[in-house]
Structures are given as structure tokens and as C-alpha cells.
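Got some structures for you, see below.
Heads up, the next two complexes both have subunit A, just with different partners, subunit B and then subunit C.
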Partner chain A sequence: MTTLMPQLTSRWTDQTNQNRRFLAVVITLVIVAVAPMFLQQFHVGLLTRIFFMGLLAMSLNVLVSLTRVLSLGHAGLFGVAAYVVAIGVTRWELPFLTAAAVALVVTGLVSMLFAVMIVRAQGVTFVMITVAQGMLLWGAAERWVSVTNGNNGIRGVRPPEFIQTANDFYWAAFAVVAVSVFALWRLHTSFLGTRLRGTGDSPTRMTSLGYSNAWHRFIAFTIAGLFAGVAGILYVGYFGFVSPTTLHVGNSVQVALAVILGGSALFLGPLLGTAVLLTARTWVVPVTDRWNLIVGALMIVTVLFLPNGLAGAFASAWAKLTRRIPRLAGRRSPDQNAPSAPAEPPGSSQPSGTPERPQH
Partner chain B sequence: MRTRRWLPAVVGVVMLAACAGEGSEDGGGQFEDDDGTSQDDQADPGDAGEGGEPVRVGVLMPFSGPVAVSGELFVKGWELYWETHGTSAGGRTVEWVTGDTQADPSVAVEEARRLVEQENIDILVGPLLGSEGLAVGEYTESIGLPQVYGIPASEEFLRDIPDTIFRYGITHGQVSMPFGEWAAEQGYERVSTICSDYVTGWEICGGFINTFTDNGGEIVTQLWPPFGDTADLGPFMAQLAEQDHDAVYLGMPVGDAVAFFRAWTDFGLLDTVPVLGHHVTSSPSILKAMGLEAEGMISAGVFTGTLDDPVVEDFATRFEEAYGEPSDPDPALAWHAGALVRHGLEELDGDVSDADEFIAVLKQAEFPESVLGPLSVDEHGNVLYDVHIREARDRGDGVMENFVIDTYEQSGPNFRYDYDMYVEQPAYNRDYQGFDWPENCDAYISDCPLD
Partner chain C sequence: MSILLSSVLNGLSFAALLFLIAGGFTLLYGIMRLLNLAHGALYLWGAYLAAAVISGTGNYLLAVLVAGGVVGIATVIGGVGLFARVQGNELREVLLTIAVSLVLADAALAVWGGHPVGVQAPEFLRGAADFMPVAFPIYRLFLMGLALAVGFGLWYLIERTSVGALLRACVDNRAMLASLGVNVRRLYWFVWMAGGFLAGVAGLLGSIVFGIAPGVDVQILLLALVVVVLGGLGSLSGAALGSLVVGLSYSFATVYAPELLYFIIFGPMLILLVIRPQGLRGANA
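Let's turn to the complex of A and B:
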């Protein structure tokens, strides 16, 4: 992944390409925005779910791609936001948006608390602590019956008044997710993002440069938690209920799978991974009850043959195509920088040079 | 590089293409169809007027995950019902499609949505777990789809249930409350309980304790092993072995009950005190896994294939002929779901367009003869069952079944308590097990033991 980034930013400096890129983004946004008018209702629902579950995966990817740590308790933070909204709306009778704001604050605080617990942990220890944190939240949802209604969960969470139909919710979710994705993009390309990446790629060098790795992990974890919270708010608005299953570790694993499948090295990879997983599930489940087996096989194939995930494979296929037909793309892709270069394993702390992003 | 620029477009297009694909499923959610945009043959739960159109029923059950066995047994009973009685009802043919909840409430909602929008179902039967049921109920209510809902037994449903749901099953307390009274009357004075630490376990234990303590019984200790974690029940067995009690009350569902019984046997506790159970700890499929040592286990439940009732006998025989295993409560509940759907269709001449009307018809339906015994309905829409106290015995060919030794006729979810006062109490949970409630006979409507 580190090999990809410099080209990406050099692209940004190229005005023509920047314009083209901008155009591509705008076209995509317009297509997605008008999509509900041409799709059946259940496809609109599926896309909506892809939006917020994709945002959840992208928020996890802040940890995976930048600071190089994997959390398996991420659905817990997602669930905290969903629960706070559910409790706020049904018990305190707050308006949905107020409850959502409260949920974000609470999720942020919980994320910070959890971050403090783990910023100094490494590798497997880090993962195991996040699992424990996720289990803690799940346990609270399951056992703290007076607040969470236990196993039965909380239902009857109505979204704000101005959202009446599934399409309204689609557009609302789309807007929220688009803004969130843009914010995450700014994070990835910012100086802060560079420092976070430095923490992941070369913590010793960061230390020698005078940066605190623990502080940067804290920031990354909190940001990841906040965006998971945004996804959780959309989740509860969409389904109208939340139960302990929402924040179960199994759900966290699904999110991590989406990140790996889509490719953590590419910014939109986790979104793609989520889209593929959710869509494939809707095809496969009516046909067979061996869905988990298929996911397992998919993951093995991805890990063995697509080190950059599906998004990396797409990018690499596109690069090959443009190499073969130079005119199609206007110019030749430099071979040595092909995006198929395998990403370093997450958690790798080998020095791989200074943070490679130009610091603007 | 160049490729990066196109990535957003690629992602977008793939998402759209993926969604537009044929046979894909939908997405769940709590919204009504947007008429302005739905352009395909959306689910139309109200096309009954067009005579001859089949009625489509969605059977939503977990077919994967920890309770998959129950889902499979349910479908066996469902299919057997329609094979036996024919698929024509109220002038229409009944068809069905299944959906897999994976024991996850949000998956359950997605599947319900798929069944409605892709499979065009008119009636939903299921799902299984309480949390799934509440979530799906939210959705079916929002679109006005009748939901016939049997197995979920959470006490929560007494307090809050949408009008579009007919809950024809029992609550756990409905079965364990008569059992608590029965146990006290049999002379058990000191009982320890071991129930799974989640809503089902809380409610099984709570019902038993509520009436057992009203009748002078004493709970020696309460143990709460986590649900589904059966690897090491040793510490619990050690605690039970230390107690001075007359019996142990077991409220650990299905696989956990089997694990309990193995540990119970391994610790040499088999011949110390009797184990009293619940229907979720003692159906024939569970007894088979426990082995012949489970002989003599006394439990409470509403269905047993050995009941001296021609309708039940007929079902039990057919089920065993069809599947080569003794009949369980799950397929019996499914069979009755079939009978309910048929009843509703026949009463309304096949018109299921109005969910409230369909459910209202079901709520008034009395079944003097059903596969679940005689059923009547109270003024709150709860079904009253004959609750049987049964003993597990080898029926002669090495197969264990439950044989009735006592019966509480037409018992409701409030048992002998005043309905309103009963539901004013919280649903049983770890903190509220009914020890001190009620304080006096005001809450009793018959046979108060407190004086």
C-alpha cells in the first residue's frame, strides 16, 4: 500500500488528472443518487445497507490501513451508538437527531476510554484486547436488562419526521455516508493521516522524529470509533431496532472480513468488500444454507491470491489494460509502481522509509 | 496512478450492477414501499380478490446457527400438515417459501423483507427466537402483513405486541408456573435451580420460582450458567453437589440441557435428587441425546406425542412414519400454524388483504381439538393450553417419550394471577424472579395458597 500512495498524490498535483478524477467522483455520486428511481425497493434497501455497513468497514480501515492494527471489537462501538439512539428515542423520547448527537458523544467517549486501554498494546495483544472490549459491550447489552432490554433488544426507533419512505432514508444515508467518506478521505490525505501511517509503518522512526505513537493510536482509534458510531446511527434508523447480536464479536469479524476482502490498502476497498459480501449473501442464502462456508472459501482465495483485496485486483487489472492499450488511458503506467504490489502485512513494524506522503 | 481515479466509479458501478442482478435479495428496514418508485411486481399482500391466485406463505425460521434443529423440525411439521390436508384452503391454493434468519434479528428482518418483496408472500409464519420475533414484528406491522407466530415464548409479548401478529404459542411462565405449584404440592420443599443466563432461562426459572415460593417452597440456590457455553459445567455441578435440596430445577434449553445432563451423570449425581425440567429440556429429540439415564425426568409442557387424544395420536403416528423419529413440540406447533392459516383463509374466503382482520379471526378461533390439545383464547388474545406434567419413560423400544402424569387444564400466561397485575410486574429477569410477589391474595383469581 505504501507503494500506491505517492503516485496517488502525485496525481493530485496533476491538474488535468485532478479534474478527471473530480468528474469521475461526481458522475459516480450522481449515478448513486438517482439510483433509487430506477431500482426495485429491495435493491434500494440493499444499497442502503451497503452504505452504512461500508462506512463501518471504512472506519475500521482507519485502524487497519493507517495505524496497522486490527480491532475485532469494532461492532461494539457501532452498537453503542445504535443503543444510545434506541434508548434516547424510545425511553427519553428525544427527537432522533438529538439522540443521534448524544450517541456520537457517548460513542466518542467510549472509544477514547477503550483507546486509552490499548494504545500501548501491539499485534495479537491489541487484537485480543479489542475482542474483550467488544465482548464487554455485548455482555452489557445482553445482561443489563433494565437499560438494554436484554436479549429482546429495543424496537420502535423511528427516524426523523422528514424521512418517510425507504427512498428518503436511502438519500439521507447516502448524504451522511458521502460526507463521512469525504472526511475520511481528507484524513487519509492529511498530514495527520501521514503521521498515523507513520505510526503504523515505522513506529521507531516516528519516535525518533519526536512523535508519540500512543497519542496517534489514540486519535486513530477515536476517529474510527466515531465513524463506526455514525454507521450505527444509520443502522438503528434503518432497522428500527437493535439487539445484542448487533454488537456481537461475530459482527466485528464480518466487518474485518469486508475490509480484507475489499482490500485495506485502497481507500474505497472496504466499501467494495462490504458491497460484495452483502450482495453475494443475498444471492447465496436463498439457495443454500452453507453461506459461512462460501465466505470462508472467499476469504482464503482473497488472502492467497489477492493480497490487495478485490479493489486491488480491479486496480491492477485496469493498470494492465492501460499498459496494453496505452491510448485508452493516454499514457503508460509505470510498471514498477503497479498497484498489484502486495501490501505489507498489517502490524508490520519494519521500517519502510519515512512517511511517504508529501506534507501539505 | 490512473486506476485510482476510476476506483470510485468502479465501486459505484459494481454496487449498482450487483444490486440490479436477478434473484438478489433486498434489504430489510422499516419503511413502507415507496409507491412512486417501485416499478416491479412488488409484494401485494392484498391481491386476494383475484380468485384462484395462490396464497403465498413465508416460513421464516433459523436453518443455520445454534437453533437450526428447531427450524428444520418446524418445516417438517409444516410440510406434513399440507401434505396431509391438501394445499387448498378458502378457495385458494397455499404455497410457501422459506427464509433463513440465521438466529440473527437483523438477518431475520432482511429475510422477511425479501420474502415480502421478492417472493410476494401474503402471510408470514415465524420466526423462532424472541428477539427475532420482536424485530420482524416491527416490520410486518409497518407494512400490514399478517404474522402467525408460534414458538417465541418471551413474556415481553404479553406487554407489547403489534396488532398484525397472532402469537399462538405459550410463554415460558405459562408452563413453568403450573409446574412450580405442582412441585410444591408434591412435597418438594427445597429446590435448587439451574437456568441459562439469558432471557429464556430467566423466564423459565422465574415462572417456577414465582409459584413454588407462593406455595411454601424454598429456593436453596440459583445457578446461572451462560447460554451456549457448555464446555465446563463442572463448577456448577460441584455447587449443586454441596446443596441440601430435594430436587434440581433445570431450565437450560436444548443442547445445554444435554450438556447439563452429561455433567450431572459424570459427577455421580444421577441418583441423588430428581431433576425437574421444562419442555425445552425434555423433548424426545433431547431425551434421545441424553440417553436412557434421563428416564424418570419430570417436566412440564403442552405437547407430547403420547397424549391420549386422537388428533395428537394421529399427528404423532404420521410424523413418525414420515420422518422416523418421535414427534417433537416444534413440528406440532408448525402443524398448528398450518391449521391456523387454513382456518383464517376459510373464514375470510381466501381474502388475506386485511392483516388486522385476518389476525382478528385467528384471535377468536377456538380449537377444541388440535394437535396441541384443546385451545381457547382469553380476552387478551392469549391462547390457553392444557399444561401437562410429564415423566420421561422408555416407551418399550428404547425410544424415550414423555408420559402425562398430571394436567392443568386451560392455563393461561397469567396462570392463577390477575392478568393486569401480572403484566404490571416486569418480565422475569435475573433480578426479578417473583420471590416476593405477590404479597397477598389480591393478585390471585383462584386457589390462593398464601392464606
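Let's turn to the complex of A and C:
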């Protein structure tokens, strides 16, 4: 019942609230769009990486926040797209955009194939199978030397002609990611999104309502894979290089960390998590080699103490603050206790990003 | 003919090693319902510790005790300290094991460095036995025998002893067992210890074949995963069956189709999962 409430209220609240939200989105978009004119090259690059890695994390969040399963092979699908573009551009000498289209088709097909394998799995089994799928792709990239060039990877992938400078790439990536994020937002708020959420939250009820859980899991996995593919295309365009490390399970783990660190319950949480991780990485890597140790420690802290991620922590801190100082909350009634930043999708106010397992 | 025979022998010995590696992993899942993705990292630490003891003292028994004991105790501490806090939430448990494995693997890299380390088999297991067309390392024969012994030992422990009865009861109904006055927590400590011990010793056994290097942890974890997924999570006989399938297909694939190695290992598993998600020997969930 509680999950229904925000949906109802969001329809019923006054129009001004929605107008304000729209204005906030537009202003943010404009600021991000003009940002590279005022930033150094290094920061433009960092932001570009945050865009496409953030999109990857958000695509994973389709699985985590809607169907409530965790994939640890997600970087594999991301890597498939990157590899297909790389092979298409360097070996078949296709134009970048054509190769990108081919890559999307291939990634979609691979996602569907993988989805067929996992629609019946849940929880831990799901995690295990996705690990194996990811490693299968990694193994292919590493071993199938005649196609993938093995551990040397493929370099020399040029982005399309009209992208000349780092700023151009920034804008292209920004446009692609913004459209993708909007599409994901539509998915989260659509009826399909609600059904996917139903599959995650209460599969038995979905069955009794006449919906196929397997079919919805299949759809969710395919959509997640496709957006991971979009991110992978941007990745290879940005770096011009792809190697088996791109698909490695370690990479999938970092994506999962970005999701839970940011907070899977919040629509933009994974993007926030990615931004924090990548920024932290630029500080840490020059100082020490122990980045993985830090990632692991961060993950332990997140799992133990921040079950709703940074976004959840901010939200509850904000809620506490507004309860204490009602004026800060503006027109919001204090008892509404709404922790939501503007972008929270309706119905995602469930506190935990992961389903509780029944005790046995 | 000799290639075929040596492939079969290699496959069987590899299967034995896989079973020894997967033992601790399947034990923790079978009894604690914990998917321990840190298994590879525990193996790695066991391997490095054993290698250090062997290069220091040359005593293999001591190496087994140190590798198994230290890793086992670390597993108990980790299990009680970290996992008690998230018990009951599968996904958070899994994330926690991944986090621990990242920390352990990176710590191993910091402590032991990135150079590959080789470990020799003990004196009496070196050399080769002569089967008519092929010669076969004695150590690998030893692995087969050991896998049989460990498999039988675990089966006996779980199915035929009173501790085993408690363990099986714990899987079925933990709360009921606790209400009957059994100290479930101590039972858990025992399982953590056993799982860690097996992982650590597997590190020693495996490093004699594979050597030790950074990244081995992921490969080992992967092999253990495939074996137990194929066989059925938490099932001992399933792990044995899974090891045989993976061991033999691995050995034939390395000879006949090295480029497709990973497809040949994972292909059957993925197909099986579509038809029979619970694995070959898994119970119907």
C-alpha cells in the first residue's frame, strides 16, 4: 500500500510543484551543457566519464531497483558493445555510427540470450549466473585472439568525424546520456515499470494477477543490457581502446558498488555513486596503488552502514533537519517526511534497495 | 590414443582438484546459505601462506596447518564480525563477500607482490608414474585419492555423525534447533572454520599445479562457481559430479579447442540452467 501513495499524491499535488521540478531539470541541463566552456580539459574528461559510467550504473539499476536482482556480469554487456564497435571500426572499416548501430543490435541479442538463461533464477542463483555470463564474455575477449586480439585489446577507434575536440565528445555524450536517462525515467514511471517493480516485490501476486514474471524479467534484463550497450559505445568512443579488463568481473563489481553507494532507491542515485567513485579515484590513484582495497572497504561500509546509499543518508539527514526546523521544508508539510529529491520515481520510496529474504 | 588417455587422466585429476577447491565453497552454501564470493581470495591467501611456510621450513604438514588454520580462523572472525550483521539479506551478504574478496586480494598483492610464485610438491609425490603409453605425475594421482578421501569424509561427517545431524537440522529449521537447546552459533563457528580451512588447504594443493599469481583468485572462484552451479548449490554429490564434468571438458578443450575453452566450460552450464535451474543434483527449490 505504501508504495501506491506517492503515485497518487504526485498526481494530486499542485501544479506549481511540477512546474518547479521541470524548471530545476531545465536549469541543471543548461548548467551541465555550458560547463565545459568554464572547465579545464581534465575536468571535462572526468565529467564525460561520469556520464557514460553513470549511464551504465543506471542501466544496472533497472534490475536492482525494479526487478530486485543484482547482476555481476553487467560490464560484460557493456564490453560487448565496446568490442563490436572496435572491431567494426578497425577491421570492417565501418563508420563509427554504423558500427554503433551494429553494436546495439548485437548487445541486444546477447542480452536476450542471457536473459533467457536467467529468467527462472532469483537471488543468489541469479548473481552466480550473471557472474558466469560476465566471465564467459571476458574469457571470449581474452582467448578468442583471432577476433579480439586477446590481452592486447583493440586500439585506434576514432569517434565520428563531427567530433573533433574533447568538448565535442562531452556534448555528444551528454546528449546521448540525457536522452537515455529520460528514457529510463519514462520506464520507471510507466505502467511497464510498475509491472517490473511488481515482479521484483511480489512475484506471487503478479502471477495471480495474470502477469508472467519470466517475461517481465526478460524485458528488464534486455533493457538493462541495451542501455549498458549505449554506455559501452560511448566508452570505446571516449578511450578509443578496449581490452578484456573492460569486461572483467571487477568492473561489474565497481558498477554494482556505484549503484549501492549512490542508493538504488533513488532514480539518480547510481549516477551520484558513479560521480563519487570516479572523482575519488582521480584523487586516490596518484597517491597509492591500493584502489581496489579502498573500493572493497567502501563497499563494506556501504553494505553495513548505508543500506540506502549516500542518497538515502542525505535524505534521512534532510528529513531530520526539516523536522527540527520546519521552515526549511518550505511548503512541504513536515509529516510528509518526503526524503525525495525531485527525481525520485513514484513508488520507489521503499526503504531498502534489496528484497528481504524470509527467515528460515 | 596416448593423447586421449592423457586427456582423460588430466581431466580426472583436474576434476579431483576442482572438487577439493569447491568443497569449502559448497559447504558454506549448503549449510549457511552463504554464497561466498570471497572463496577465491581465501584460496589465494592459503596458497601464499603455505608457500611462505614451505620456503621457510620445508615442512608440508606445517604448511597445511598454517594455511588452513589461519584462513579458517580469519573466516570465523569475518563471518562472526561482518556477516552476523546482515544475516537474512542475501544480496547484502553477497555484496559483502565481494567486498571482502577485493580487500583480501589487494592486500595479498600488497604483501606478497605481483610476481608469480611456484610451489613444489613434497619429495615423495614428485616424479611420474608410468602407464603404458603415457607418464603421469604422481602428485595428480595423489590428488585423485585425496579428493575421494575428502569427499567420503565430508559425506560421512554430514550424513552419519551426530554433528552432521545437527548441521542438517540447522539447514532445515534453524529456529527450531535453537529452541531445542542447541548452540546454533557454535555450530556456525564450526562451519565457518571448516569452510575456511578447506579453502586454505585447497590453496596449497592448487598452487602446486597452477602456481600462485595475482588474479588466480578470480579464476578459482569461477571454477568453483561453475562446479557448484552445474552440480546443484550446496550438494556434495552435485559438486563431485560438477567437478567431473568441468574437469573432463576442460582437459579436452585445452587439447582440441583452446580458443573456445571458456565457451566449452560455461556453455554446458548455461544450457543446463535453462533446462534445470537447480543444477544436476540440486533439490527442487
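Points worth noting:
We adopt the following convention: the second predicted complex is superposed on the first by the 315 of 360 C-alpha atoms of A that agree within 3 Å, B and C clash if a C-alpha of one lies under 4 Å from a C-alpha of the other, contacts with A are read in each partner's own complex, and residues count from 1 in each chain.
By definition in this document, contacts are C-beta pairs under 8 Å (C-beta built on N, C-alpha and C of every residue); 3 or more make two chains touch, one makes a residue touch a chain.
Quick caveat: nothing in here was measured; it's all calculated off a predicted structure.
Partners subunit B and subunit C clash in the overlay (superposition on subunit A). Touch criterion met: A:R21 reaches subunit B, while subunit C stays clear of it.
Contact with subunit B, but none with subunit C, is seen for A:T279 once the two complexes are overlaid on the shared chain. After overlaying the two complexes on the shared chain, residue contacts for A:T165 are found with subunit B alone; subunit C is out of touch. Using the contact criterion defined above for the overlaid structures, shared-chain residue A:P307 touches subunit C, although it does not reach subunit B. In the superposition on chain A, contact is made by A:R143 with both subunit B and subunit C.
Touch counts on subunit A: comparing subunit C and subunit B, the chain ahead is B.
With both structures placed on the common chain, the touch criterion links A:T207 to neither subunit B nor subunit C. Looking at the shared chain after the overlay, A:T322 reaches subunit B, while subunit C stays out of its contact range.
In the superposed model, A:N292 makes contact with both subunit B and subunit C.
When the two complexes are superposed on chain A, the residues of subunit A that touch both subunit B and subunit C are 143, 145-146, 289, 291-292. Touching subunit B in their complex are the following residues of subunit A: 4, 7-8, 11, 17, 20-21, 24-25, 27-28, 31-32, 35-37, 39-50, 142-143, 145-146, 149-153, 155-156, 158, 164-169, 238-241, 243-246, 266-268, 271-272, 275-276, 279, 281-283, 285-286, 289, 291-292, 311, 314-316, 318-319, 322, 329-331, 333-334, 337, 339. Residues of subunit C that touch subunit A in their complex: 33, 35, 37, 82, 85-86, 88-92, 94-96, 98-103, 105-107, 110, 173-175, 218, 222, 225-226, 229, 233, 258-263, 265-266, 269-270, 273-274, 277.
On the subunit A side of its complex with subunit C, the touching residues are 70, 72, 116-118, 120-121, 123-125, 127-129, 131-133, 135-136, 138-140, 143-146, 248-250, 253, 256, 260, 289-293, 295-297, 299-300, 303-304, 307, 354-357, 359-360.
Of all residues in subunit B, those touching subunit A in their complex are 1-16, 18-21, 23-34, 36-40, 42, 63-64, 68, 99-100, 102, 104-106, 109-111, 113-114, 117-118, 130-131, 134-135, 137-139, 142, 154, 156, 197-200, 429-431.
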